[in-house]
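Every chain is named by a letter (A, B and C) in the order it is written, and numbering of its residues begins at 1.
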Amino acid sequence: MNRTLARSLPVAAIGVAILLPMFMGDYPLQVARNIMLYMALAVTWDMLLRSGQISFGIAGLFGLGSYASILAVVRGGMPGWLSIPFAGLFAGLAAFLIGFLILRLRHTYFSIVTLALGEIFRIIIHNMHDFSGGPEGIVVQQGIIFGGASRNLYWLTLAGLAVALLASYWFEKSKVRFALTAIRNNEISAKSSGVNIFRWLLLAFVVTSAIQGMMGGIFVMSYGFASPETVFSADFTLLPLAMALLGGIHSTVGPILGGLLLGLVSEWLKLQIPYGHLVVYGVMIVVVILFMPQGLLGLARKTMRAAGRNRK
Amino acid sequence: MTKLKTIGLSRRFLGLVAVNKVSFSMDEGEILGIIGPNGAGKTTFINLISGIIMPGEGKIEYKGQDITYMPAHERARLGIARTYQLIHPLENLSLIENVMVGSIFARGHSMREARRRAADLCGELGLKDLDRDTSKLTILEVKKMEIARALANEPEVLFLDEVMAGLNADETKDLIATVQRIARERKLAVGVVEHVMGVIRELTHRVIVLEAGELIAEGPYEEVSKNPRVVEAYLGGAA
Amino acid sequence: MALKRRNLIISVFALAATAALLLWRPTVLIYGLQAAGLYAAIAIPMGLVLGIVHIVNLAHGEFMMLASYATYFTCKALGMDPLIAIVPTAIVTAIFGWIIFQLTIRRALKAPELNQLILTFGIAIVFSQAINLVFTSQTYKMPLDYVSASMDIGELTFGIWSFVFVAAAILFAGGLNFFLKRTTTGKAALAVGQNPKGAAIVGIDVYRTYGLVFALAIALVGAMGALFLTKSAIFPTVGSPFTMKSFCLVAMAGVGNIPGILSASVLLGLTENFLRAFRGSREWADIVFFVLIIVVIMSRSLKGRKS
């Protein structure tokens, strides 16, 4: 009974997610798109975290992908739909090259360097006026992808999220899980078990960066516009991080759960409080780290275990 | 047949000599004790051989191949395995999954094959209830899991760093018999670091003695334990 | 030993660059030093916390931002000069810092480093967004005459107010040196930083010391908040670049090396202002910092790996 429920729940969720646009207006669909975007970023942030590395560079790779996509369309004449996988490829390639340098770093050093890299990308884009449009940003003259049809944009973002979820599922079910868990626990003993630490970190970094870049591509193609302030916004680092922490790290379900909750709350707060609604995210991060480091998922597991014990 | 050999192996830390010109060799099927007072460089020596740290001078040969500067994970694949004094079971992984890691990465087995082999290994070591969370294991079980993890590499050379520490007399006896059986059946060359001399006497065919990073004596335990330099080293350490 | 040699190399390099600049573009040197003073004065307290409490405080710059806001509105209401507010601000922020430490950071001291990092990141967000919530993203600035004071040497005219930051940096470095080496509390703090377990055995209250050191660092940052207000406009995210810059300077200097922070700041201040001096490279001055961070952190970690 329980197992059937556990199996049918994801299927039902997928069905609802696909059919949602049939019953929704433009505004709720745009909200749903935002939430899915953040969910995908939250899941990818978590995927790298499973190796013990905290990235503060989500916004950097997201922004890099955004510009790769929009510049490919505007300057290179690439079709909009193609620019999205191109953005992923570009961000993945950048991560591959950067990874050779920065994946030797650990802990705070790694985190700070990822933050610094995001700033470097932003400044470069900001300063290359002639090519990137500079601080004022750049517009897709050809118009928004799918003529801006809400439903199609929704499905596009959903597809992006699906890629992130599939990758996360692969990380959970394959050797990758063993490699990343071993690295997170103790690198020295991981080496003694034959784990090539650098190779697996590089894989995780490249895959997550590529997806973050691809989501950037989806974002700019959906709005037809990019500027350094919008696509490199710290929100793209902050929100996913808070979502994953709230839901429960080291899992696929956690970031999705957290993303759904925080995403809905923040869309509502955004309307109520135009300035500073992000304070909720800060509070959430602090509270989660201090009082429930395993997130809602960990809390649920604990409760279930306690309930099971009582029954016995 | 010689499996492993070092020639003049040395390593300093901030000017202090941790391991100084140590030359030794290990043969197939041999259980070798590595003893010496605290701080003599025993663990550093194992770290050098397993590639966790790199030597300053000297040479390490494994089955005739020079592996002096080979990365640790490649040595694990070649067939050198070890346990750690401080054991960190991998959280979020069950007992059997902990053991699978070596099989997957050092041997390149598929997940299914790794699980099968890990189950066999655990059975061989007397570990049961393999899907347990590692936080629920007894000390003896943790030690056995650590040995199983090392054996999952399917090594030819195995180093055990104080695996008997913290066990009671019966458990120690049990584990000594287990190690001897495994070494015999697999024709392993085993290097054992232990502080309890009773264990060394029972378990090993031969010992080497390190003091302040230098190899000061070598031979069967009965013989070495009468060596005046060794006695001096231990008494000096105790005083 | 290695530490001394690196310091020597850095100071020789700084001296040579300084001499060359003095002859060629004196303003680069002057403004570079002023910027260095500001960076160093803010980074030194972070170095103190990292060296003794072993926490990377990603809310460091945000504490300064809060102090600036507090000073601004108090001074506005009372018609007071921010300079008079420096000491009261330092005291108030010290208490605030102590409370924040007890409520949050203290609880995470035993948690994995990653939790600490995310925790202080969260605190930074709470601070900056709370200010955003109350005061919106509007900028505030104190109109003060004396900050535009300038000086003429021959044909050269330059602003001198910002030298106050250099004075603050030197004062902080000297004061902390005195505190840690000469006073009982300071020596205890240093002992806790080097070996908390050992310090606990000889009867030092480790957590109390952590709280005190944290409060002291936040007091210094608070004082800088008041001082910063004299010169610059403030807005909710004004502090965050300083968090990153401070961390990088501390990383460049090496943990526990306060004089190193001074020389690293000089290097950074001069390089940035050097690039600002040219039309073509002006916009890229901001990038220097980040490139420098990465280069320094990389070279340090690689060196650490070899030894």
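Here, contacts are C-beta pairs under 8 Å (C-beta built on N, C-alpha and C of every residue); 3 or more make two chains touch, one makes a residue touch a chain.
This structure is a prediction, so every number in the text was calculated from the model and none was measured.
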Length of the shortest touching-chain route, chain A through to chain B: 1
Taking each chain's C-alpha mean as its centre, the one farthest from chain C: B
Distance from chain B to chain A - Cα centre to Cα centre, in angstrom: 43
Gap in Å, rounded to a whole number, between the CA centres of chain C and chain B: 48
Whole-Å gap between the CA centroids of chain A and chain C: 32
Residues of chain C touching at least two other chains: none
Residue ranges of chain C in contact with chain A within the complex: 56, 104, 107-108, 111, 113-115, 117-119, 121-127, 129-134, 136-137, 236, 244, 247-248, 251, 283-284, 286-287, 290-291, 293-294, 297-298, 301-302, 305
Complex contacts: residues of chain A adjacent to chain C: 49, 52, 54, 56, 101-102, 104-109, 111-113, 115-117, 119-120, 123-124, 126-127, 238, 241-242, 245, 273, 275-279, 281-286, 289-290, 293
Touch list for chain B against partner chain A, complex: 50-52, 71-73, 76-77, 81-82, 84, 88, 90-93, 97, 100-102, 104-107, 111, 149-150, 152-153
Chain A residues touching chain B - in the complex, by the definition given at the top: 174-175, 178-179, 181-182, 185-186, 188-197, 250
